[in-house]
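Labels for the chains are A, B, C and D, by order of writing; each one numbers its residues from 1.
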Amino acid sequence: MSSKNSSQLERLTFFSDAVFAIAITLLIIEVHVPHVASIDDATYWQALGELRSSLFGFALSFLVIGMLWMAHHRVFGMLADYSQKITWPNLLLLMTVAFMPFATALMSSNPRARVPELVYSGTLLVAGLLQNRLFTVALRAPYVRADVPAEEVTAARWRSWGLPTAATLSLIAAWYAPGWNNFLLVAISFLVRLYAAAGRRYALRVQAAAGA
Amino acid sequence: MSSKNSSQLERLTFFSDAVFAIAITLLIIEVHVPHVASIDDATYWQALGELRSSLFGFALSFLVIGMLWMAHHRVFGMLADYSQKITWPNLLLLMTVAFMPFATALMSSNPRARVPELVYSGTLLVAGLLQNRLFTVALRAPYVRADVPAEEVTAARWRSWGLPTAATLSLIAAWYAPGWNNFLLVAISFLVRLYAAAGRRYALRVQAAAGA
Amino acid sequence: MSSKNSSQLERLTFFSDAVFAIAITLLIIEVHVPHVASIDDATYWQALGELRSSLFGFALSFLVIGMLWMAHHRVFGMLADYSQKITWPNLLLLMTVAFMPFATALMSSNPRARVPELVYSGTLLVAGLLQNRLFTVALRAPYVRADVPAEEVTAARWRSWGLPTAATLSLIAAWYAPGWNNFLLVAISFLVRLYAAAGRRYALRVQAAAGA
Amino acid sequence: MSSKNSSQLERLTFFSDAVFAIAITLLIIEVHVPHVASIDDATYWQALGELRSSLFGFALSFLVIGMLWMAHHRVFGMLADYSQKITWPNLLLLMTVAFMPFATALMSSNPRARVPELVYSGTLLVAGLLQNRLFTVALRAPYVRADVPAEEVTAARWRSWGLPTAATLSLIAAWYAPGWNNFLLVAISFLVRLYAAAGRRYALRVQAAAGA
């Protein structure tokens, strides 16, 4: 049974990886080659300058999907087996990831408009909450590999609050300063470390208290 | 020979997974970013409102392809080996899956038109029948893993009548209430459980009769 | 060394599978949703009727790429190891496969024009010759699995003349009856069997003569 | 722990392969089917002639991404384990690869314009430097398989200077002869061999000196 389950887990992982990889690569097809009236340097540099919000959107979403994938990679690497209950949260997370090229293109089309920014930050918030839900279900006791320390499991679970926090901040800021709010997303990499460290410390304290 | 066949089965599974993953992710490129005259909130909310049938089509087809993939995942996880005879039904099923982004975009372009709804439900019906054919051929005696109970094999086979049934209902309803007929597709998740339970009960009764 | 090489062969196979799967699924994005003036049934059926060459092109190329993948799958399943010399023929074959969505869309845009048919049949001819070259290099003595009978290796090699033969016939016929020439491609499935059987018979005769 | 890490390395490799495969196959969607006024042969040959820079761009970028993949394949085949430190250089390299379809389409749209050529060569330069950085980090002592000779590790590292060198030459030449500068990229396959041979010779000399 165990080898069957590990191969089924592998296939679920594989399918997820493929969706992440396709969504991350499809981002570029929303960056359109400019039509220029003449081919001199100044015209081209200006045309490329007008693409800056598309290029920024490509880079930002590439990094966000990349981080979502890396977190998925880290957590699924802790699993020995899997619960059928992760299938739906995983599929919904993938749906949000597949939606990202649209949300990115919408945001890039008018970088100072409020609604596209709300949609973009909202998509990240939904992705973050689904990721948190997925990791909570996936990291339950019987499914985690025996050699993974308990505090690392807690850290991985706490860590996944980083994206929802940053997305919420960005969503609120989008209301007041659309376009600029995206810069709050750089906080993700800081927040995930902070939450992971807090979770690890909490778990170790609980373990120490239980041992005492 | 056995390790060779299992690696060939793995590669067939892998290729199928990739097609499922690409088709499911390509759905988003049929949702087009709206061109707006001004960037105020009201204009944008209205523009997004006009996208509702595209967004609904994206979500519906994502779930349908997701369910087709999950069923494929479940059934292929029961196999120890495979018959060359599954190659063609599998390829034709994948062709139908690859066709889904077109059928979805066609349906979403005019959500109240009858013909696009017929094409969409018809595509699901063809997919359902091909899936049923594939599973029937794949789950024949010598290919199933020894540790899979016989009643689970029957359940998996009966289960695959869920999609054709729902698609047929949706196809008929499309004639009378185009657009609304899609809501019949939520019956899929109910029907597959019903058929699976009926198949399991039938198989156990036959086993009991044979044992008596 | 052996386990390293088999894992490298697996990765080459995987990369090839991914390109086949992406090209086969991308075919659908060249089938465009029709813009209709009214949404009544007659208008829609006519609009879909005008798509018939696009839909035919999608189905034809799906089957051709599917057959190329199945042949790749069959031959690579015979290998225990691989020569560095297959890297380039394999990459060029993949380039031709990646080119197929363009060749298909070109052909479908004007199904009675001669040049698009020549380009399409020419692409298949190049793919067939590259496949033949790849299989000839890949199936050399030290790389084939020990449990594969010699006559099956010869059959696999001869078999790969089926596509170049059918593509050549289609290329010649495109000159005289553009559009109709594609029906010659159904000969592929007949020709590959014929060549495979001839190759098997030849190999067995040579073995018998050597044994006598 | 070791089997866990090797499976995590496998998944990172898999994700990378998928991005390479998608980017290389997406190149074709930037080659657009020409709209022709009449379907006679002369009109079509001329229309295809006007596509020559798109087709050239497709072929060139296919080979460049193919070479990047092959180098990735070669180097990752030397690893037994991996450092977390490769995650970011790898993701940034993949971002550059995903950017290639845009850079290619930009260059092909006006093959004699200078800025698109600078962007294209600049993209290759960034890809080359990131690849060099990735291989330098990945090939550090504890992560390389024990059966890989030290001089091959050095050769692989030196080899990765081939693309940055050729891209720099192409970048400079783009300034003076836009369009023609791409022909300098054929030097890549020559330069990588040269650097690899020099690296191998250097490593063997150092080993000999250390042994003496």
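Quick notes on this one:
We adopt the following convention: contacts are C-beta pairs under 8 Å (C-beta built on N, C-alpha and C of every residue); 3 or more make two chains touch, one makes a residue touch a chain.
These numbers come from a predicted model, not from an experiment.
The angle of the rotation superposing subunit C on subunit D, based on CA atoms and rounded to the nearest 5, is 90 degrees. In a homomeric contact, the two copies may use the same or different surfaces; for subunit B and subunit C, under half of the interface residue numbers are shared, pointing to different surfaces. With centres set at the average Cα position, the gap from subunit A to subunit B is 27 Å.
Between the Cα centres of subunit A and subunit C there is a gap of 38 Å. Looking at subunit D, one finds that residues 14, 18, 22, 26, 29 touch two or more other chains. Residues of subunit C that touch subunit D in their complex: 1, 4, 7-8, 11-12, 14-15, 18-19, 22-23, 26, 29-30, 87, 91, 94-95, 98-99, 101-102, 105-106, 109-110, 112-116, 119.
If you check the complex, the residues on subunit C that touch subunit B are 13-14, 17-18, 20-22, 24-29, 31, 33-34, 36, 39, 41, 44-45, 48, 58-59, 62-63, 66, 69-70, 73, 76-77, 145, 147.
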